[in-house]
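Next come the structures, one after another.
Two complexes follow with subunit A in common, the first pairing it with subunit B and the second with subunit C.
So, the complex of A and B:
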């Protein structure tokens, strides 16, 4: 959260790129970084429908959404941290696992209501530590959340001993994990509801406005009379609650939970956010874009799986996609000025 | 219609039929100018007339839709680097230094001298020192720019342009942040550079400066060149009329109606970095001015008063309708009716990549929402009203603030706060970069809010402005108040004699 000012870039434009009035490659790339996800997702789905055997079945499509839901829920929440200009929240790795383990372990002993309250407390605690370190002490979000991942996983492993927790075979958790409305799994509905709620929060409320404003100019937002520490905490809290919900959904899938459950969620959520066109520089983006990013990444993964491409190559493809999307974002920002 | 002045050298730079539009809007429309060696060429026009755009075309930062730029009769290749090697250098309207880097590094930013890939720091310091010596400004090469006053930063910016060894030097409103003494210094520097054979293009909204310094003046209006002629063939009021395109019925001396009432703001013993035990009171309906040289601690004082920066000692209270509250944090100040128009609009005042409406919404968000949810229609309505009130041009509240010209951006900062009917407002350089007509309008607005009972504290380096608006002036030097002048006692002379004692620039 350092160079929020515009000085450095003004300088770059002065000595570097010249703005062209005719439409050049840079403009096309910039446009793609903002709107590409719409076109690419559509193209990808069409391509999959035409070329990939087994994609166009109802079972496959609902399965794609079902699998995408936990990461998707984390991603729509983490969009708030990204738009606030604090890059990302790595500690979702620990948060997802913590929520799942608490849900299963505590509901076995104290019932599901107490379990959910306990998980909520844990989520708030994560947000408090992240929010205070980043919002009050202005520490770097990447490093702080890397550290809270360690702390969170450490505590979780200490209490769980690294063992797997099983829910009761006929419990409500399992029922939720298997549940469907018609062909649509509950998990996909949760993703959709979270997207709509968070989208309203971001676009219609003062809180969401302050998140965006803070992402654009921290100093002007503070001098506009707002509590910036609270804004940062709020962004982390939204993420933590989304990660908690994701942890619940994930635990319900298999009716089990273990401290490794959240591994990879940080990166996959960020991938969806960036591919959706939310800027890692803060200020610009939306929750619906993230949902589209989730769909894009999931469909892509699904195509790779259906085509029998191995996991290693899938990782390479996802990594390459991120490098591409982040570069587009950076170019778009440069051209926009 | 350029008059050939025999005293000047050959034409160095020509802009031939330049046209530049953004989206559908034409910012510069078929403009041709030419400037000779040794000439100081003044460029004037209202906010948004296209001055900065034209200069950015000359400096290769924007490429024109039509037309070409020639130096020594030869077309300049596109791009900022080509323009620099052709000898064109631009001092930007907005400061573009990196606060975290040192003075020397900033001066050579983007063109560090290197040897097999390593920065040659000795050479870097030498070039930077030479550039500062050429403009005659003494400042520590190793000081971080973020710690310098705005005026000194302005001079570092100039050194940066000079370090490129230009033959054509363009100044985009360099004096907007400077006090009279510093302005005089800068203008003398311009003459010296011109006498050395440079061609200088000089943009300012201060018409007297144009007349004291330039030999030619070009007037832009709505992107078109309406006149370019020798300065002797025009009078200041003709220049203003041609800028505006109509007779400007400036009612300069709007009369104040209210007399100051009870004390609203009471700041006692304020101490903060650069501020030493200063006490200030402002009454309801009163405009108190803070005079002094840039660097005297005026901005630091006002920021410490309202809590925008921490203070090490002192107490501040705000009294309204007999109720007195203590101001601690900036947030509580704003909540209790304090408004603040900061000095550095692009850093502290505006979110440039957000719309005018969103910028206005920021301090007014609570009033424009119900239970935390935005009321869209009301927000748009209020934003439009305020934009019209400050005379934003064009008055399109959905456009990003960053797309507006410098002066119009300043109007947005004012609009943000005016709607709040503040009990106490701090205005730090409220008309910086604003054109003559809009300035008169802003002065009228300031007097109007004072007449409605707001207590106003104003910092301005523009002495005539300070004298016209203030009922009382405290003059500061080195973080102390060195004297207080009533409206009758205040004059340019009395303010300056209290303010001086030392200047920030030393002549070489």
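So, the complex of A and C:
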């Protein structure tokens, strides 16, 4: 089974939808849910450049990159879970915090290499629990990952005592967190590299093909002779490793780590994925689209912050954005049918 | 109450095997098993939980109210994650209106409106209820922050709040009384009223229900409005007892209420479930939480306990276990075939 470089978003589900010749509401809705993010992101950036004071300043651009990178890394990883049709992985909240705390706390005592191995072990453990519960027991991914979030955070808070861990002021972690190429911090480069690697994994490998086909039709994939439990585990593993990298990047940026670090990452990553045009119904989506969604969400958040809009309104805006983007997808599908 | 029973698996061996099948077959079986295990352990280690029964009953009531609302939605195979924020939002709405009765009415209306919006996105637009209510969870939390100015709002009428916490008859505080009333109302609605019984049909097979002439969309609207209303009720009770409304309230309640509803035998894909089961689940988790708190267990460890119970509850559902048995069987067959061919 090779995919011969097919683009991820043209899967079997849409062949029927594109056969109509007349341009109707269905086509417009379907098009805007698929490609709207290009237009909206461009419009948003132009609007920000024109109307928002201080958006184009070097400090602000670097700040946007710094804030976008960890969310983006989580989002490109979680795209795999969404495309595989398992909605999302809420436990990234716990995974990001766990990776950060392990990185700082363990590298202070045992060195950075052992710390990274320990964080990787934790990530694999998260993926194992999520993957077995969802893949083998066929339990609902939202509920399972809600449970693992609380278990993970509970364990982390118990062992860390809720305290903040500080890295050494002249260590390699801090050097990485502060490092930049021009206005672009290293973390944004990590995001770009992750996007390219995961995009290749999704579009050019057998594993990526199986993830997409599982998202389109679960039983067909199983009857095709694939081990569906392994596919689900793989999707959660990609997410867990991405969340681990995001935790590293986040901890390196501030050179500190605390068990609350991951709060809000589930939600912002999901917003980025959905706005990018990856379908929550599974099967359709791409990693590059998620990157665009990350840019959109980050720029939007930055504009709201620069305009002095309070945290509450930001939450409302992002929640409404998710529901709006999913509605567009759902209505587009309904009309096309 | 247990709608779909498995009639096979009768070839049990001995008493324990038979008990195992009964527990596995009954909708409420797992809830009863968990409750009895927790009751025995707590009775042996922390009997204070039972002598301080008013605290325990109050805890069960708070978990139970939210879980009962969730059950109405889960019966139809939908999910309402927004209950946590509805709880916080309705409390904040109530506290920010000086007149107490007006505030309570406004809070209840908030719950109904939230339910209506959820139902609109789920049944009219056709979004998956996990995602729609997740978006609402965050949006409503934001709204609660906006209304409250990001700080807890104290009740204007503190006396009402204090008198609300005093027992009426014996250990029955108003909170427990409301819980009992909600339980009776939902139980009668689901088992006796036609609309409520149709919830099972909508959850079991939506297309068949539609073909049989059941107004599916209206049932879904009813379900989400019940869950929104009940969550608002929980928010009102919560803020009345604390005499302040906290915009961050409710996130742990969400987890616990889900655990209670699922361990009570409510199947997440709908069609099978029981209000009594939810009550049993809420009782088990309420007793557990109070026992853990009394014996001085830290909050993170309590979270681990509740999270683990939710994980166990969702993976030991009869349907989950059946799919595990199925995959083991295919694995074995595949191995047998491989060994034949090679």
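Some observations on this one:
The definition used in the following text is that the second predicted complex is superposed on the first by the 309 of 337 C-alpha atoms of A that agree within 3 Å, B and C clash if a C-alpha of one lies under 4 Å from a C-alpha of the other, contacts with A are read in each partner's own complex, and residues count from 1 in each chain.
Basically, a residue touches a chain if its C-beta (ideal position, glycine included) is under 8 Å from a C-beta of that chain, and two chains touch if they have at least 3 such contacts.
Nothing here was measured: the structure is a model prediction, and the numbers come from that model.
In the superposition on chain A, contact of A:213 is made with subunit B only, not with subunit C. Of the two partner chains, subunit C is the only one that A:311 touches; subunit B does not reach it. In the superposition on chain A, contact is made by A:204 with subunit B only, not with subunit C.
Subunit A has more of its residues touched by C than by the other of subunit B and subunit C. By the touch criterion defined above, A:28 lies against neither subunit B nor subunit C after alignment on the C-alpha atoms of chain A. When the shared chain is aligned, no partner comes close enough to touch A:39: not subunit B, not subunit C. Shared-chain residue A:193: touches no atom of subunit B or subunit C.
In the superposition on the C-alpha atoms of chain A, no part of subunit A is touched by subunit B in one complex and by subunit C in the other. Partner subunit A is touched in their complex by these residues of subunit C: 79, 81, 121, 125-128, 130-132, 134-146, 150, 254-255, 258-259, 262, 268, 298-304, 306-308, 310-311, 314-315, 317, 319-321, 323-324, 327. On the subunit A side of its complex with subunit B, the touching residues are 5-8, 10-16, 18-21, 204-207, 209-210, 212-213, 216-217, 219-227, 283-284, 336-337.
Those residues of subunit A that touch subunit C in the complex are listed here as 87-88, 129, 133, 136-140, 142-144, 146-151, 153-158, 162, 229, 267, 270, 274, 280-281, 310-320, 322-323, 326-327, 330-331, 333-334.
Residue ranges on subunit B touching subunit A, taken from their complex, read 20-21, 59-65, 78-81, 84, 92, 94-99, 109-111, 308, 330-331, 334-335, 340, 342, 346-354, 358, 361-363, 365-366, 369, 372-374, 402, 416.
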